[in-house]
Amino acid sequence: MAVVELSKVGKQYPGSDDLAVKDFNLVTEDGEFVVLVGPSGCGKTTTMRMIAGLEEHTQGAIKIGGRDVTGVAPKDRDIAMVFQSYALYPHMTVRDNMAFSLKLKKYDKADIKKRVDEAAEVLGITALLERKPRALSGGQRQRVALGRAIVRQPQVFLMDEPLSNLDAKLRVDMRAEIVKLHRKLGVTTFYVTHDQTEAMTMGQRIAVMKDGIVQQIDSPNNLYQRPSNVFVAGFIGTPSMNFLDADIDGERATGTSFELALDEAHRQAAGDRSRIRIGIRPEHLHLASADDSRCRLSGAVEVVEPLGSLTMIQVKVGETTLTAQIEPHQQVAMGDDVTLTCAPDKLYLFDPESEAALIGIDSGVADSPKH
Amino acid sequence: MAVVELSKVGKQYPGSDDLAVKDFNLVTEDGEFVVLVGPSGCGKTTTMRMIAGLEEHTQGAIKIGGRDVTGVAPKDRDIAMVFQSYALYPHMTVRDNMAFSLKLKKYDKADIKKRVDEAAEVLGITALLERKPRALSGGQRQRVALGRAIVRQPQVFLMDEPLSNLDAKLRVDMRAEIVKLHRKLGVTTFYVTHDQTEAMTMGQRIAVMKDGIVQQIDSPNNLYQRPSNVFVAGFIGTPSMNFLDADIDGERATGTSFELALDEAHRQAAGDRSRIRIGIRPEHLHLASADDSRCRLSGAVEVVEPLGSLTMIQVKVGETTLTAQIEPHQQVAMGDDVTLTCAPDKLYLFDPESEAALIGIDSGVADSPKH
Amino acid sequence: MSTATRKTSFGGIALGILGWIVALLMFFPIAWLLLTSFKTEAEAFTITPHLFFTPTLQSFETALSQGGGYWHYAWNSAVTSVVSTLFGLVLTVPAAYAMAFYPSKRTDFTLVWMVSTKFIPAVGVLIPIFLVYKNLDLLDNVWGLIALYTAMNLPIMVWMVYSYFRDIPKDLVEAADIDGASMMQTMTRVILPLAMPGLASTCLLALILAWNESFWSITMTNHSAATLAVFIASFKSAEGLFWAKMSAASVLSIAPIVVLGWFAQRQMVRGLTFGAVK
Amino acid sequence: MTTRSPAADAAKREKAKRAPAKWLLAPAVIFLLVWMIVPLGMTLYYSFRNYNLMMPTMTGWAGITNYSILFTDPTFWSALKVTLLIVLCSLIITVGFGLAFALLFHRNFFGRGVARTLAVAPFFVMPVVTGLIWKNMLFHPAFGLLAWLFRLFGATPIDWLAHFPLTSIIIMISWEWTPFAMLVLLTGLQSLPEDQLEAVRLDGANKWHEFRHIVVPHLGQVLYVVVMLESIFFLTSFAEIYTTTSGGPGTATTNLPYYIFQGTFAQYDIGTSSAAAIGAVILANIFAIFLIRFVAGNLNAGENR
Amino acid sequence: ATQITIATVNNPDMQTMEKLAPAFEKSHPDIKVNFVTLPENEVRQKMTTDIATNAGQYDALMISNYEVPIWAKNGWLVPFDNVPASYDESDMIPTVKKALSANGKLYAMPFYAESSMTYYRKDLFKKAGLTMPEHPKWSQIQQFAKKLNDPKNNTYGICLRGLPGWGENMALFSTMVNSYGGRWFDMNWKPQLTSSAWKKAATEYKNLVTKYGPPGVTSNGFTESETLFANGQCAMWVDSTVAAGYLSDPANSKVAKDVGFAQSPYATTKKGSHWLYSWALAVPKSSNHKEAAKTFIEWATSKKYIDLVGQKKGWVSVPPGTRKSTYENAEYKKVAPFASLVLNAIQTADPKDPSAKPVPYTGIQFVDIPPFQAIGTRVGQILAGIVAGQTSVDQGLSQANSVTKRMMQQAGYPKK
């Protein structure tokens, strides 16, 4: 229930030369759900810790609810956080761990009990309430850590990979619960995850970071459709986008053992560049049916991964290995020579030098209103 | 490079009434890659710890390489383990953490350096080698924990969610590296994960556990196609399988606002049951095109989740909410009334009482040889 | 087959026996003292030690009544050591907390400085302190002794508590911060419970040091504030060697702290593993 | 508006965040300051004065006479040597045995609680009583138990305090302080994260490796405390010497505190004793700095955050 | 009532005084007496710090004839000017009175006084066919010791003080030095510790205690030796006269019947061969209750008090050596066969003339100057070192000599 403003926020750890986070700019909306993603070590946790006040930012300014919180102690920022390392109090039972902040706020005993019980119910840890953390499994500890945050109604939620140790099913449930909670309380939330599905389904906006620098902050769909550069394009979407460097030759882009037709929009986007980087998502590559000659990539199948609902194959095209997602019933074996095709409007173009995006795709799907 | 045999292995934690693991039976092949999956707290870590000898098994017997290891100290079992909690040595640098076991074995200095450097390279932590764990991010720590295991060539690898804190891209890379390593060394490996893709792609066999009891141990494809019961069916596959209880009425199975045609095989499997539980995977549900009348489920769309490469929708059919996976270009909005359809041979049938499977599906895809 | 019985291996038994040997050897001098205190003087003072004898409480009776009565000294000992330990704790915990969780460049220096004050031999500052006490009218005064002991133990307590605090993972403090705990609350509800074994050892140490202190109590008190150290000293006389009586007095003087120590050390080694930090 | 670098700003904020810490620290610091500065200042002052309790007429500034008297006294130097010997030997013994005992009592065995309780008991004993017990009942060449044991095995009893005075003192001090080391280290062992031990076991470590590479580094901080505190007490050990050997025979067991004590209570020469006290303080600080620089550098690694 | 605090040594006689104090309080209802009773060293430290810093914690001090003249000279003590006639000052043994006076004024009242003498076991002597002369020589003592030494049966030839300390081994040893014709200082305050008399005395002493003495002699002081003798483990013992009563008391002593007495041994001269020591009560200037303190002291050192002890504790236990009347008392004579010997020793001990050669100091077993306490302590330690075999006699004595020289210089000697 507060707007969080980060302007040019940066962090340099003492004893380190590089900035762990650099020039982070972001103004959330009130009650927005922002997801931070990025490779390991890119500065997500650091950003969260700066918002929480656990780490002093060494550059820029942070405002919460309009107030500059520089120098404000964590406890006065009214923030709840799920730590990546859980940081449970080892000497307290699960119940006490969860009730701790409420007790400090002198909530009514009955009220505390109610809230803790509710949260435990939601998290499926009711049976564990009287245990100490050391008698819990990894996932159970993580849920307690989550529970400790959600019993509160803070101004801002910070959740650092709160579901990373849960199985898929529980994860989906927890995800839904967090979304529900967010919808109910409308608390501005920062959420770190490395799970694409989580990021895409939960985030109203997603900030993609790399090496401490924010690459793009945008809605999930926009990130998917119009990534701002090669990094974002490659990072968002699993399996990740295939990249091919090609020469532009009039209407066609050609490279070793492939040839692609470019439509008008793409040609324009490419401008007068003679070399271009093309991005194709695995789900847009299909086994060439009949003779769709406009877009063709041939090579030998290197890997076949049947995943049940679909099958992933890797095809060596020239020097590049492309990943394609095919239907499970399409029988392909390792070593087969196959030809892949892709609709021209599903091609992403990038400048090979600057790696900036030139054109994305438009799946026609707008971001659905979230939460 | 050793066969691991678990016979009727069980574990009861002191001070706890329930068994954390019960009657675990498994004989690996030499060099097999076994994945353990199951909900949080089901006993995966406990199982691993018993194999490692960190926890005494209170029932049954464990053999490694034909030798009963009951009472054998962990250090004499020649096992490498990646801990869920990392368990890095806080006072050693990353390099020393990784080199430690080799130093103990009095490997040659140069050899140690080579191995550590190689592993660090693979894990992308070369730049961090001289840091102490406390100056690492969560994912970096996890990779160090992994590195500490893979520099060795033990008899058995135990990996407890070794990639849970990594981003999708890195995870795919790491996954590939682990598989490569496994192929190279042929070390029998137990691998805990809650990531379906990891489980399906890496495991030669997957053990699905629930409440300390193994539900099914089988190849990934078999698990997907022929789950032994409702739990496994629901647990394997994301999003998870939809279940509908229906009355059998000759050739059809009917329930509130749906009606499905059963083919011969299914009718036979159902036997003379009058009530049946039907399972349908989201990827087998499609928006009904034209008039496929054999299998029809109608309801209102509750949730639309566009994930880029596909869109997930939830449809309320009778009292049940079904998840379906549709193409992103199929425009559906919340509140729309839709009709879903499913090929009859994609239906799973279960006994509603015992929850045991009656018939699975056959996608025609055999397990590809792995590793 | 259950394997839970593995613990009783041969090595385990051997180490257990070793443990007991160590314990008995260490305790032996005290046991001997105890034994002697129940002997008559004649039995106590023999070339060949008497192991079997009829115990007598005679020595205790004499010892209890010496120098105006044991209880007066015991009470003073108890008051000075307990109160000085409490004072010490009140000063120590905040200081150690600040140093452990909000370290600055000066922290190390402060610590060294504090500890370095302990290196001064007591006799070296005896005359100055005596003069100061004389002027403040604190000679032979329980409060004077308490202040002395507090100062004497403070650096040690700070140092110990500091080191125990440093063992506590920092993210627990951070978690408490986030949970909205004030510094005070973090200290009392998170840090102190976790550092309990450490605090217990520290307090015990302070208590023991104060209880056993003899130099200051002999020089700064006469009677009204005299502690057990003075009581013991009064047995060292030219009257002859009365080992039994002296042993009885010694037993009486160390008994309370030994008993307390035994209880406390159970508390301190209770064991607390951190299961919460990943 | 002043323009400051953001980094300096952050540093300032960092400082501001620590501000309450100052207040927490203040009472202890002020208390100690008053307690130590006043007497120490007076001692320093006296060390430059002529001040002998027995000769009230001999007063006035002494310049560095007291110091020159001190430094030309061979006993002072031998006291220095004795002090260091006591500290070093006792440290090695107590820390060594303390660590061994701590590990022993960290294991579970039958009656461990009771055994541990017995083993720590010596630490609770007053140094004065320790002196009495050892001097009279154990070391005594005629009536001592050790003498009896020697005779039992046909050996000639040793007059410990006369022939091995320093060894005897070190034995007594070690007997008293080994339990302390053990107790503190045992407490330290309790907080050793189980998972690190498990990791190292899987890494193929035997008990020694486990101890050397995990336990010792983890105990680093605690070990450091033990070494530091024990150094303090050993440097200033007095009661044991006072009750047994009185610094003798000769000056074999006269350490610095006892030397100062004699200066104060046999010579009543406060001036020279003060100079010696200042000398002791300087020695102590050298020791402290040594410990902090070298020992801390090696052991501090065990910190756990 | 006025509260007075008295610092005393916890010797048996002082403990008796403490126990009898209620009698005084009864007869002087306006005075209440508190005791601070500690061992000699501790109490001396406390008293010195107190009096030198003018702290005024004590109203009466139990000090010895070593301190009295020095403290009196420092102006720390109040003289006993107008002692009531009933006190009968003239009854005091003159040597004792002289030792407690300075500038002709009495600064402390003797509580008890002692000299030294030789104790021996009549039974053992008889068995060995030996006789102890009235006034033995050290050489004779050595011969006896050699004959009587029987460690197998836990009987040793001779027990002598070995515990370092100016009041312990040095007290005895100084008398030995004196009787060998040695002295501490020449008339120019030059230390004489390397003289042949010292060497002879030291060699003799070492010889006696190491060859014929009990083990662990360096930790035997008066107390330990007394216990040993009472336990029947010494054939001879040269020490303070106060032990006579204790040793004759069957309650304490296994050898009460067999103990014999002789004069203190001598070598070349009888001068200074036995010491004079007295515990006496004095009033410090810093006291706030000087009159009350005096009243108490006069009571505690009076004839009446001696009678009181005689009645309550038995006549063996009365404080000896202070009053002639004690030695004329029939009851005392009855229980104390040694009485005349002791009286003689005390009366013939002359601190003013302790050595065959002239000396600039007073004191037999000590030198009555402030630095002596430190010197005696240090030399005592060196002597113990000699006995323990740490240094040779020559080395030890030359070390002792230079230590003494240093300390004398430090204390500003020779004085103009």
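Think of it as A, B, C, D and E in the order they're written, each chain with its own count starting at 1.
Simple rule for what comes next: a contact is a pair of C-beta atoms (placed from the backbone, for glycine too) under 8 Å apart; a residue touches a chain by one contact, two chains touch by 3 or more.
The chain list, named the UniProt way, goes like this: A, B = ABC transporter ATP-binding protein YurJ; C = Mannitol ABC transporter permease; D = Binding-protein-dependent transport system inner membrane protein.
Owing to the predicted nature of the structure, the values given are computational and were not obtained by experimental measurement.
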| item | value |
| --- | --- |
| Intersection of contact partners for subunit C and subunit E | D |
| Which two chains share the largest set of C-beta contact pairs | C-D |
| CA centroid of subunit B to CA centroid of subunit E, Å | 94 |
| Length of the line joining the C-alpha centres of subunit B and subunit C, rounded to whole Å | 56 |
| Junction residues of subunit C, two or more chains touched | 45, 47, 126-127, 131, 169, 171, 233, 236, 241, 272-274, 277-278 |
| Set of subunit B residues in contact with two or more other chains | 85 |
| Of all residues in subunit D, the ones touching two or more other chains | 17, 142, 193, 265, 303-305 |
| Complex contact set, residues of subunit B against subunit A | 13, 15-16, 37-41, 44-46, 84-85, 135-140, 142-143, 160-161, 164-172, 194-197, 200-201, 220-221, 224-225, 234-240, 281-284, 304-312, 325, 328-329, 331, 333-334, 363-365, 367-368 |
| List of subunit D residues in touch with subunit C within their complex | 15, 17-18, 20-22, 24-25, 27-29, 31-32, 35-36, 38-40, 42-43, 46, 101, 104-105, 107-129, 132-134, 136-138, 142-143, 145, 148, 175, 178-180, 183-184, 186-188, 190-194, 221-222, 224-225, 228-229, 232, 235-236, 238-239, 243, 256-257, 260-261, 264-265, 270, 273-274, 276-278, 280-281, 283-285, 287-289, 292, 303-305 |
| Footprint of subunit C on subunit A - complex, ascending | 52-54, 73-75, 78-81, 83-91, 100-101, 104-105, 132-136, 141, 148 |
| Residue numbers on subunit D that touch subunit B, as the complex places them | 193, 195-196, 198-206, 209, 213-214, 217-218, 220, 301-305 |
| Residues on subunit C engaged by subunit E in the complex (per definition of touch) | 45, 47, 67-68, 126-127, 130-131, 134, 139-140, 218-219, 222-223, 230, 233-234, 236-241 |
